[in-house]
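Note that subunit A is present in both complexes that follow, paired respectively with subunit B and with subunit C.
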Partner chain A sequence: MSKDLLIIAHSVVRSSSILVNGEKDFTSSEQDFKTFIKEAYRNYDLKYPKFFKMDSLCKLAVIGAEIVIENSDLAEISNDRIGIVLMNRASSLETDREHQHTIDDRENYFPSPATFVYTLANIMAGEIAIRHEFQGENMCFVLSEFDVDLMHQYVSNLFESGKIDACLCGWVDFDDSNYESVQYIVGENSSKNITFDVCTTKEIYNVK
Partner chain B sequence: MNTAYIIADNMISSLGFNSSEHVDKLRKSQSGILPCNNSSLYPTPFQASLIDVLRLNQMKSDIDFVDKFTKLEQLHILSVRDCLSQANVDLSSEKTLFVFSTTKGNIDLLSKNYVGGIDAKRAYLHEMAKAISEYFKNPVNPVVVSNACISGVLAVNMAKDFINSGFYDNVVVTGGDLAAEFTISGFQSFKAISENPCKPYDASRDGITIGEACSTVILSKNANGSNILVAGGGSSNDANHISGPSRTGDGLMMACEKAVAEGMVEVSNIDFVSAHGTATVYNDEMESKAFNWLGVQNIPLNSFKGYWGHTLGAAGVIEIVASVHSMRNNELYKNAGFEQIGISKSLNVIRAYKKDQVDIVLKTASGFGGCNAATVLVKE
Partner chain C sequence: MAELEEELKSQIIESLNLEDIEIGDIETDAPLFGAGLGLDSIDALELIVMLEKFHGIKIDDPSQGKDIFESIKTMAEFIRAQKA
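So, the complex of A and B:
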């Protein structure tokens, strides 16, 4: 059995507010996601024009990942040893509906590659990987709800099999204007003593 | 301790409804890709590998409450049921897990032209998974892996891990995707679909052929008479581009290295590489670099896409199943559609069906989002 796994940092994005390690870090009075996430982008000064090409799910994932990665010291870890394991409920259905709309009518038929490329749930992991140059293990699950047990089993296994030294884990869901991102970095070294287990993950997820 | 045996399998595609029908056609190098002139799928004619609807209508007639299931769900039920006829697995056990591999699931439900009676909520992948696992009275929450075109390979790797960790005794991995209007229109907008049947690694290749398929493997901690193990797995991300493959092949190479290391095999001992080979110019080129880097350029290699097209979420599963049959029968199947090598780094593309000892297989996949995955299969 390897060393205990720890949660190095965590972030929560929901209801127009952002928490970092349990503390409120950014809030907006703006209820509309698109405006809120643009405000968050400016607040965290991402300087990443590609952001504006992304669909809502990817924007949510990239902001949630940005702040948790910024708060984790991963300098000692090789990029090909950092994994990304994400889960959600609605897959990419928000953008799926958009693509479907472009093909429903033969008289007004305009499918676009810029939309179609976002009709896969794992594109959010791809966007995070590109932004942070993470080249380790990838996995994207679609489930009825955030399954902290499955996350713990799957990610612990990746560490035990020696494939990763750190992992960005998360539940990132966007569906019909409802959204939620809970992301955390799991590693073997951290100044904060937060054990990566089912109970702690649930606490981070349910925090109001 | 590695004891993740493949104890049962099924393939459903244009080539048939079970594995032996597929093997017959693989031996004859017979492709299921045909011209398709169905304007409800795409306004102009295109090539595709489609499941025989008339045969499906006969096959599905004895599914209980068949009208409560979508076409894709019916395929999953038939596929899993075929596996159950080969191995005695208790699906009602808490120690049996269902893992679904799909990119788009019941995406046909989203269309305003959909005429079936199934609730639109089944477009949610987990709802589809639940409907099927409940049909088989499985008590565990099903898991859906939806990671573009590497979903099937990832799902099998995960099943292996969960058996080796003792979480489950049996894992049913079932992958499926339809040749839906949604998908065809999207790949057409990318100009990624060839006007001809796809030609993996060929000099004149110019794109993919969409295929629909459903395929299942049951992994078990008990051999049940099988001598084929899922021995190693790995995945990676190129961190380069969301819809284009890496220029260097580094991501695929890393995924393969991890699978080979975990499988405790030597690269030089691999007998067959079951590659992804979509037949786009850039994917196959990327693979040729990764495989030369890894050192498998002289090992017999094929892509099964020339037989049943790119089956997306089903691809990893159906191609692993075909590879298992290659191992069981000690035979190598021709890379259908291939005539003349058209990649910058050479590969040993299989030109004709032949008998050969096949004990170790490397299976790979790459997909949108920059993802790559590999599996090593070993015969005991």
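So, the complex of A and C:
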């Protein structure tokens, strides 16, 4: 039997501002991503030193996830029943370039292990899973654009198959200082009556 | 003599992105791993690269790492011994 799925909370991070459930929650005058995301980290008081070791894609994913998780009551759900399904376009290209730069010159060949570990897009899901101890299904798609239909179908199937009771979903993309994170938690219980469907997800994604 | 130790502290902060740590926060004798700065296995690899990049010292035997990277003091002693 089909389950009625709801969007419990959602966040949007783009253009130096953060929206939570459609409301502006944090804005910075800083256009530079690195400065903006550091300000956001301080604003939300994460107290997670590992954050500073992450690449830009993971920092973006972790901040976007943090505020949406904080606004979702997941206390009753077992950590191994919370999934993560993310999509992006540029994969880990920004960090791939940085790694490439360290190995371009054979006379100055110092590849950084700390950079290399972030040369995979799904590390962003891993970082969120580690931070929040989520142990459910975990998937990262690399696509030319946010495929809302695929996301809806894939996540609905996870619920249908009985593998998860909640899922952090979204589009988290970072490339050449352009960035965008749209994340939302899908579950079966929520005080907000926001149906998890393609139309609603598009509305959240397109919000300016 | 303490110049090298201070230099190492600065290089570690920069190389390992220890954003909330200042040079004065790192004790020369304190363990770098575990209870100390809380570094992890990736940081250990980064320290090996750091030694080669900034000090021209390559660690051929990885099992030496545990002793060399015990603290700033042991790192400095190792560098001085290699350069003597």
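Here, the second predicted complex is superposed on the first by the 207 of 208 C-alpha atoms of A that agree within 3 Å, B and C clash if a C-alpha of one lies under 4 Å from a C-alpha of the other, contacts with A are read in each partner's own complex, and residues count from 1 in each chain.
By definition in this document, contacts are C-beta pairs under 8 Å (C-beta built on N, C-alpha and C of every residue); 3 or more make two chains touch, one makes a residue touch a chain.
Nothing here was measured: the structure is a model prediction, and the numbers come from that model.
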- prompt: When the two structures are overlaid on chain A, which partner does A:Phe52 contact: first (subunit B), second (subunit C), both, or neither?
  reply: second
Message: Between subunit B and subunit C, whom does A:Val117 touch in the aligned arrangement: first, second, both, or neither?
response: both
- request: Between subunit B and subunit C, point out the one touching more subunit A residues.
  value: B
Contacts of A:Cys199 with subunit B and subunit C, given as first, second, both or neither: neither
Message: For A:Gln100, using the defined touch cut-off, is the partner it touches subunit B, subunit C, both, or neither? Pick first, second, both or neither.
response: first
Task: Have a look at where A:Ala125 lands relative to subunit B and subunit C in the superposition and call it first, second, both or neither.
output: first
Footprint overlap on subunit A, where subunit B in one structure and subunit C in the other make contact: 111-113, 117
Statement: So, in the complex, the side of subunit A touching subunit C is made of residues 38, 49, 52-53, 110-114, 117
Message: If we count contacts the way the header does, which residues on subunit A are in touch with subunit B in the complex?
response: 79-80, 84, 89-91, 93, 96-97, 99-100, 102-104, 106, 109, 111-113, 116-117, 119-123, 125-127, 129-130, 132-144, 147, 150, 153-154, 157, 161, 163
- request: State the interface residues of subunit B toward subunit A in the complex, per the touch definition above.
  value: 43, 103-105, 107, 110-113, 123-127, 130, 141, 143-148, 150, 154, 158, 161-162, 165, 167, 181-182, 185-190, 234-243, 250-251, 254, 258, 262, 367-371, 373
Message: Quick check: in the complex, which residue numbers of subunit C touch subunit A?
response: 15-20, 38, 42-43, 45-46, 49, 52-53
